[in-house]
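Chains: A, B, C and D, in written order; residue numbering restarts at 1 for each.
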Amino acid sequence: MRNKNRFIAVIGGSQASPKEIGLAEEVGRELAKRGVFLVCGGLGGVMEAACRGASSEGGLTIGILPGENRREANDYVQIPIVTGIGYARNVAVVKSAQAVIAIGGSYGTLSEIGHALQNGIPVIGLNTWALSRNGNPDNSIITAQNPVEAVNKALELIED
Amino acid sequence: MRNKNRFIAVIGGSQASPKEIGLAEEVGRELAKRGVFLVCGGLGGVMEAACRGASSEGGLTIGILPGENRREANDYVQIPIVTGIGYARNVAVVKSAQAVIAIGGSYGTLSEIGHALQNGIPVIGLNTWALSRNGNPDNSIITAQNPVEAVNKALELIED
Amino acid sequence: MRNKNRFIAVIGGSQASPKEIGLAEEVGRELAKRGVFLVCGGLGGVMEAACRGASSEGGLTIGILPGENRREANDYVQIPIVTGIGYARNVAVVKSAQAVIAIGGSYGTLSEIGHALQNGIPVIGLNTWALSRNGNPDNSIITAQNPVEAVNKALELIED
Amino acid sequence: MRNKNRFIAVIGGSQASPKEIGLAEEVGRELAKRGVFLVCGGLGGVMEAACRGASSEGGLTIGILPGENRREANDYVQIPIVTGIGYARNVAVVKSAQAVIAIGGSYGTLSEIGHALQNGIPVIGLNTWALSRNGNPDNSIITAQNPVEAVNKALELIED
């Protein structure tokens, strides 16, 4: 009896633009409609918007928190994981997911993208980082044009 | 709209005696009957028995794993958290709960008891460690005689 | 060319009695005299006293800090490791040592004793915790009567 | 009596090209000549080359290891820190330094760059990642043309 639940992480900044908030909320709704469990860092901004979207469709939301108290979770996190390990929790956010959708984001999000790619976990990007190395583009972040496409691509890439 | 979910951790060895397995399974069932979410380290022995008990009553089970892969979770974990941080994840197991029930257990369980007490999280013990310091007994581990009493005591101690 | 350096951790509370401070300082001096590198959690109390003792004899001191800033290290730490992972750093303190000397200590120290014993790292105790399980004493913590005996026993137990 | 020691991290892949190995070794030598302590992840490739370079000039080398055993350190690590927390140790590598020099590197290095920039720790790059966000270049990684320039820039940026 193997766990058949599917887990997708939404990563992005705790400070986010209105556009990013809108994208995150729609990604959250879309994941919930497909019955996918949402993993995130549990705080504000993109994380909160994604949880709000998922909650509005009755989805399950998991927030892997950096600090010492479940009260730091946003109001839409149903399962707060209190790690107490600070931003080392970024590793657990991506490893707990089968695919990652990155929306906007700053350097914390960049670290999560690095950890995901290092672990072979696919990363779908919406208005987020682009990478090059030694002058050569690195196309490991899969670009999506909109939330529905991002969720579709993420689901396609989840290994069976 | 604050999270009203209640979280109790069950800790104990991945190697466990038949008696400990029985205690853990009954604790799991009892938690599920009360609508409490079960947190554990996600592996075998006491952790698996508690998850099996909770699942048999339709309860929610969260396994905070030490390793790199959700497949190391026991079959009754519904929400596997893949930390990749080894036994440093013991800290997250206890911090993610409002009270801890320790059943049997070896040195890993002892480390979790230490982390819980350091954080002011109440620990209820069933056939587990007893402590003394400089020759004086330390009664911080609250003894219970059976699983129902353990769950009752844990619920009483959860702060509102 | 394998690393021949020897590493012993001194663990104990950041709040400590005058007696514990005296013991820790003497353990630190004794380690330095034998050319052993001192590992600790880098904060005050027992940790600071041990580092002060080691420094007074020209020894090397390593402080594995829980927080975000090397300034939280005591004044006698020469090598501050800034983990940012909170008390999950307790695992790194004991794993970075070949033997552990526990002096007094509260629940954080208890968690470190648990992590050390779980990893097969010998623990020598000076006025610290005693353990029993299911009513049977557990003698894994090796008792020493004084700092010199503690250091002698620790060195004997370091595997070649 | 504050700690006056200076700590600079060298980050890069455990798989590295001959050019990257050469750069890392020269960075290590240069740090040692200036009396700066070298922090790294303790493994092979760029990390080993930097440690070898530092050792050849009598410098101090610190390796913050992901795994469970000091034996995984390269032969030129004098102070192995055994974290047992896997690649969450990347956070500790950058936080333990006052500046970071990135040489080549893959996704693990990218995660370290993200963690460093998130924490306001300056990153100097030699043949490494370049970043852009939403189509706009992000110039937070300070480019250096050679090892001496990288070390010079890192030292200038260390806060007093």
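By our rule, a residue touches a chain if its C-beta (ideal position, glycine included) is under 8 Å from a C-beta of that chain, and two chains touch if they have at least 3 such contacts.
Everything numeric here is computed off the predicted structure, so don't read it as measured data.
Novice: Determine the set of chains touching subunit B that also touch subunit C.
Specialist: Per touch definition, common to subunit B and subunit C: A, D.
Novice: Using the stated contact rule, I'd like to know whether B-D or C-D comes out ahead in C-beta pair count.
Specialist: C-D
Novice: Farthest from subunit C by Cα centre, which chain is it? Let me know.
Specialist: A
Novice: Suppose each chain is reduced to the average of its Cα coordinates; what separation in Å results between subunit C and subunit D?
Specialist: Each chain reduced to its C-alpha mean, subunit C and subunit D end up 28 Å apart.
Novice: Averaging over Cα atoms per chain, report the distance between subunit B and subunit D in Å.
Specialist: The computed centroid separation for subunit B versus subunit D comes out at 39 Å.
Novice: At least two other chains touched by the same residue of subunit B: list those residues.
Specialist: Each of 68, 83-88, 91-92 in subunit B touches at least two other chains.
Novice: Viewed as a graph of touching chains, is the assembly arranged as a line, ring, star, complete set, or other?
Specialist: complete
Novice: Name, in rising order, each residue of subunit B that touches subunit C in their complex.
Specialist: Against subunit C, subunit B makes touches at 85-88, 90-92, 104, 106-115, 117-118, 127-135, 140.
Novice: In the complex of these two chains, what residues of subunit D are touching subunit C?
Specialist: Spelled out, the residues of subunit D in touch with subunit C are 1-3, 5, 7, 37, 62, 64, 68, 70-71, 73, 75, 77-85, 88, 91-92, 95-96, 119.
Novice: Tell me, which parts of subunit D touch subunit B in their complex?
Specialist: Touching subunit B from subunit D are residues 68, 83-88.
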